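Given below, in the form of structure tokens, are the structures.
In the two assemblies presented below, chain A is common to both, partnered first by chain B and then by chain C.
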Partner chain A sequence: MHVIGNITIYLAFFLSIYAFIVYILGINKQDQRFIDSGKGATMGIFILASLSMVLMFVLLGTSQFQFEYVAHYTSSDLPLIYKLAALWAGNAGSLLLWTFFLTMYSAMVTFSKKMKRNPMTPYITSILLLNIMFFYFILSFVTQPFAILENTPVEGRGLNPMLQDPGMVFHPVTLYLGYVGLAVPFAFAIASLIVKNMDAFWIQMTRRWTIIAWAFLTLGNVIGGYWAYTELGWGGYWAWDPVENASFMPWLTVTAYLHSVMIQERKNMLKIWNLSLIILSYALTLFGTFLVRSGVLTSVHAFGETNLGAYFLVFMAFMVIFSMYLLMSRYQLIKKDTGQFEAYVSKESSFLINNLILLGGTFAVFWGTVFPLVSEAVRGTKVTVGVPFFNTVMSPILLSLLFLMAICPLIAWQRASFKNIKDKFLIPAIISVAVAIVIVVMGVQDAYPVLGFTIITFMILTHLVEFIRRTRARRHVTKEAVPVALFRLMIRSRRRYGGYIVHLGIALIAFGIVGANFDVERMDTLAIGETLTIGDYTLTYEQLGQRSDGVNESVFARLAIEKHGRDLGYIYPERVFYLNWEEPSTEVAVRSTLREDLYVVLSGWEEDRRATFQVKINPLVQWIWIGSFVLVLGAVFAIWGGRYGQVNPRYTGPERNVY
Partner chain B sequence: MKKNTKVILAGSLIFMSILVLLITATPTSSGAEVPINHLNENGKEYEEKYITTEGFLIENSVVWNADAIELQFDIQDEEGHKLSVYYHGVQPDNFSDDVIVIVHGYVTSDGIFEADKVQTRCPSVYEGEDPEDYDPDIHREMDRQLNIDDD
Partner chain C sequence: MIRRRWLLVCILLFIMMPTYNHVQSQDIYTINSPEVKDIASHLAMEGHSEHDLATCTTMQRYYEEIAEMLNEGFSKQDILADYEAMYGEQGFREPNKTGFSLLAWILPFIALGAGTTAFIIRVTRQVKGHKQLTDEAREGQEKGVSQDSTENDIMKALIEEEKRHHL
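Up next, the complex of A and B:
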């Protein structure tokens, strides 16, 4: 097994070098035979990567502790699902997963029907092969998934209890699907620069890829947030930790990119901007991996102090310099035929502002994340940038983005008239101001929550107005019933309405985030029978018990909940003792409603059964998860194929003899 | 001037305002990250300054007062320099011997670190500990210590 495993890695590494060389030869000599051989090798690499994955799953599932990775991250008592999910618990395994996705995407692009006889394909595959070569180099020589131990341990070390959570099964996979997915539009962009095909072909071809990658990136972040919220007992879903920031930055730049590409498609503008954005997004995925694996920053996430980060930094630098060189050398060509702004207030300019703010936000997060390093290098002291910095900087940025989201979709292309603006915005604006007044009268005095709720209301209303207006217009012509007209309207412009649904999802998420301004927290040590009051809730501590949960033991507390004198049942916060983990792990108890979460943590207990509780009321948190669901739904709607799906764009670049 | 140039100039204004926001927010919302030995030697220098430091937890130093919800413990760096920490709050998860504890707060004049935030570094996300640490009997021992009957 050990030999087979290593063969799949080494062979794939050599095959990727071979494929890259024959592709370059094929391109230079314009000889299809070389390209065909490269294609075969690309498929071969994918098959080998799949084999490595299957093998690793078998080793993990059957507890082959002679393998270092299996011994490090699993134990025989672990439920099968976590034995398998341990594949992405460590460095070697998670990089193997990354490589597998990369080879899968590469094979999909290389053998895609849409790219058949397209002269860009060999270039795209070569760029993807460069990535594959790098990852296989790491797997072959730096962190080997199939390394074996000198002495086989009787038992494995087991998986960190915090990782024994459904979040662990989905969070890394979704995040990597997003990260790796960005390599595809990047490869298309670079290929279009190399072949000097400066139209929007690469953008149209990768639209679905990018939205899928973006949706996975969103899901990855949200699942991570949900995991942190329920598993860590911090009571929060986002802490502006470097590791979280690492996955938030590419999300921001891809969001910008998804908007600005529309301008290139329609108006042939912002070409350099779009190329730069996709290069930046791709570079940020590598930068994130560098941050996570290098241990250069202080984070609550543990980083192995390995030299892995350095490899990622070098590779990232190489790819960025290479891309920038290509971009600069094609500068004059790209500038040719670039469209012009026709009016200051137009959809084009509003998209540009949205892009600048998103990029400004990315820079703010980047600055806050790397400032400790910069300060250490320049002044010798390592400075920490805390949550207050991010809140101060990001709150106005996010609010202005929400405001732009409210008005951008309704501003006309080219030129917006005053009447056009009045028709669409007057009623939503009046209602939003009324909402603001109600919120203030209800006693909310802080500027941010009032502004936040007002802008979110405005945004939801402008979108609803757009749905109503267009449905009405359609009914006027077709005389269809309202639901039919709405359905057909949406189905015929999936991209537009998918985008609107995504916006509504963001509004709901923002609603939940603004709710965090009103959270309340209490900590108390109670004896049995004593009560704790928080907000409208009264909790009575009734019992401290112990129960077996498979091989694990749990200590739990039972608290009766009462609200306004009404009995709401019980809540059971607990701490779980895992078989091979010294310290117990918090299992938060949450009672959720759309209005608020009652969040209870059992922090500890004394010999006389007094127990210490942390209790929080987190208003509106559920809307974050609901909004994320709506957002993904919108993304899926936008890319759904079928009769009114995307028409294949035509390649109009320079002719080549190889495909 | 072309419209494109004008729009881009206006756009740069947005970017500039974000930069100004960054520059003004950085000094007020950041603190220094200081190693323990440096804090021990130059404690006076850091009084009144928000500081982050980290070290390995010395488990037998932990004193917990449940009624007051007060936690006291010592951490030490690899060379054995110690720092006493006081925290009004509860133990975070994984608060066990030799775990890296990150503390944020202020140093008092008597050299005690008053933390307003205590975090443990979530272990082995990407790299595990040494296999020798594993002890299969540990769970049974923990059960004995718990001594909680289900009533």
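Up next, the complex of A and C:
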């Protein structure tokens, strides 16, 4: 197994070098035989990567502790699902997963029907192969997934209890699918620069890829947030941790990119901007990987201090310099025939402001993340940049972003008239101001929550008004029933309405986030029969018990919940003692409603059965998860077939023979 | 006279009542007090600030310490100054708003400001350029119209001449 595993890695590494070389030869000599050989090799690499994955799953699933990775991250008592999910618990395994996705995407692009007979394919695959070569170099010589131990241990070290959660199964996979997915539009962008064909071809071809990557990035972040929320010590659902920031930054830049590409498609503008955005997004994925692997910043997500970060830093520097060189060398060519702004107030300018704020947000997150390192380098003092900093700096930025999201979609192309603005925004603005007044009258005095709820209301209303206005216009012409008109309207313009649904999802998420301003918490030690009151809830501590859960032991408490004198049942917070882990793991008990979450933690207990509880009321948290679902639904709606999806743009660059 | 005195005493009591309540409430700070949470939210707590209060004993110690200090009559500023004297800037979860650390706070907004300026310059230049182009095009169009009308007149005259000649 050890030999076969290593063969799959080394062979794939050499095959990736071979494929890259034959592609370059094929392109230079314009010889189809080389290209075909490269294509075959690309498929071969994917098959080898799949084999490595299957092999690794088998080793993990059957507890082959002679393998260093298996011994390090699993134990024989671990449920099968977590044995398998341990593949991405450590450096070597997670990089293997990353490489697998990269080879999968590369094979999909190379053998895609849309790319058939497309002369840009060899260039695109070559760029992807550069990435594959780097990852296989790491797997072959730096961190080997199939390394074996000199002495086989009887038992493995087991998996960190915090990783024994359904979040572990989905969070890394979705996040990697997002990260790696960005390599595809990057490869298209670089290929378009190499062949000097910077029209909207690469953008149209990569629209779906980018939305898919963006949707996975979103999902990855949200699942990570949910995981953090239910696993204690990770600071709620978002803690502005360096590694969380690392996945948030490309999300922001890709969001900016998805908006600005519309301007290039429609108005042939912002070509350099779009190329720069996709290069930046790709570079940020590598930067994120560098942060996780290097251990330069303290983070709950980090894989510990290794020398891997240095390799990623060098590779990132190489790719960025290479991309920037290409971009600069094509600068004059790209500038030619570029569209121009015709008015100050237009959809184009509003989208560019949206981009500006998204980029500003990215910079703020980046700067806050690296400031401890900058401070240490300049002054020798490693300061902490935590939640208070990010909340202060990011709140105005994200609120202005929400405001722009409310108005951008409804501003006319080219030139917006005053009448146009008044028609679309007057009623939502009046209602939103009324909502703000009601909120203030209800006793909310802080500026940010009032502003937040007002802007969110305005955003939801402007979007609903747009749905109503267009449905009415369609009904006027077709005389269809309202649901039919709405359905057909949306189905015929999936991209636009998918975008609107995404916006509504973000509004709901923002609603949940603003709710965090009203959270309350308390910590009390209670004897059996004593009660604790928080907000409208009264909790009575009734029982402290113990139970076995497989090889693990759990200590749990039973608390009866009452709200306004009404019996709401019981809640069971617990602490789980794992066989292979010193520290017990905390399993929180959550009672969720759309209004608020009652969040109870069993902190500790005494011999006389007195127990300490931390109880929180987290208002509106459920809206974050609902909003995320709506958001992903919108993304799927936008990429699902339809009029735009069926358009298969043609390559219009110089004549080339190989494809 | 007595009535007046009573009235004065009542007014004084009424004025002092909130102060009395305030002092009373200040005496019972616990780890659950929002004031304690507010002060704690600024502290790095030896790297434990991102942990959960329920399970982190270091964090709990800090909360208790803050509650104790508040109960002894220290203000928020006093307590934060005390921690700063002990740990310096590294004792906090956010950089100082002075000296080099000020850069952490202002640079994102400087970058945004620079971006906005660049955006305004770019849009202004392009809008002006577009307006100029549109004006030139209109002028050209007008010239074209007058040229066209002259040619039309000539054409019409020729047709009329031909008609007269042949019909």
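What we mean here is this: the second predicted complex is superposed on the first by the 647 of 659 C-alpha atoms of A that agree within 3 Å, B and C clash if a C-alpha of one lies under 4 Å from a C-alpha of the other, contacts with A are read in each partner's own complex, and residues count from 1 in each chain.
Simple rule for what comes next: contacts are C-beta pairs under 8 Å (C-beta built on N, C-alpha and C of every residue); 3 or more make two chains touch, one makes a residue touch a chain.
Nothing here was measured: the structure is a model prediction, and the numbers come from that model.
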**Message:** With the two structures overlaid on chain A, would chain B and chain C clash, or do they fit side by side?
**Reply:** clash
**Request:** Pick one for A:378: touches chain B only (first), chain C only (second), both, or neither.
**Result:** second
**Prompt:** When the two structures are overlaid on chain A, which partner does A:157 contact: first (chain B), second (chain C), both, or neither?
**Reply:** first
**Message:** Just checking: does A:606 make contact with chain B only, chain C only, both, or neither of them? Give me first, second, both or neither.
**Reply:** first
**Prompt:** chain B or chain C: which reaches more residues on chain A?
**Reply:** B
**Which of chain B and chain C A:364 touches, first, second, both or neither** = both
**Item:** Contacts of A:586 with chain B and chain C, given as first, second, both or neither
**Value:** both
**Request:** Tell me which partner A:523 touches in the superposition: chain B (first), chain C (second), both or neither.
**Result:** both
**Message:** Tell me which of 21-29, 57-65 or 147-155 in chain C produces the clash with chain B after alignment on chain A.
**Reply:** 57-65
**Message:** With the touch criterion stated at the top, can you tell me which chain A residues are shared between the chain B interface and the chain C interface?
**Reply:** 232-233, 298, 300, 340-344, 349, 352-353, 356-357, 359-360, 363-364, 367, 371, 381-386, 388-389, 392-393, 397, 523-524, 586, 603, 612, 614
**Request:** Report the residues of chain C in contact with chain A in the complex, numbered from low to high.
**Result:** 31-32, 37, 41-42, 44, 47, 49-56, 60, 88-90, 92-96, 100-101, 104-105, 107-109, 111-112, 115-116, 119, 122-124, 126-127, 129-130
**Fill in**
Within the complex, chain B is touched by chain A residues 71-73, 89-91, 94, 153, 155, 157-158, 160, 162-163, 232-233, 292-293, 298-306, 340-344, 349, 352-353, 356-357, 359-361, 363-364, 367, 371-372, 381-386, 388-389, 392-393, 396-397, 523-525, 543-547, 553, 555, 577-580, 582-586, 603-606, 610, 612, 614
**Message:** Show me the residue ranges of chain A that touch chain C in the complex, using the header's touch definition.
**Reply:** 232-235, 239, 241, 298, 300, 340-344, 349, 352-353, 356-357, 359-360, 363-364, 367-368, 371, 375, 378-379, 381-389, 392-393, 397, 521-524, 586, 601-603, 612-614
**Asked** Mind pulling up the chain B residues that touch chain A in the complex?
**Response** 2-4, 6-8, 10-11, 14-15, 18-19, 21-22, 25-26, 28-34, 50, 52, 54, 64, 66-67, 69, 89-96, 100, 102, 104, 119-129, 131, 133-136, 138-139, 142-143, 146, 148-151
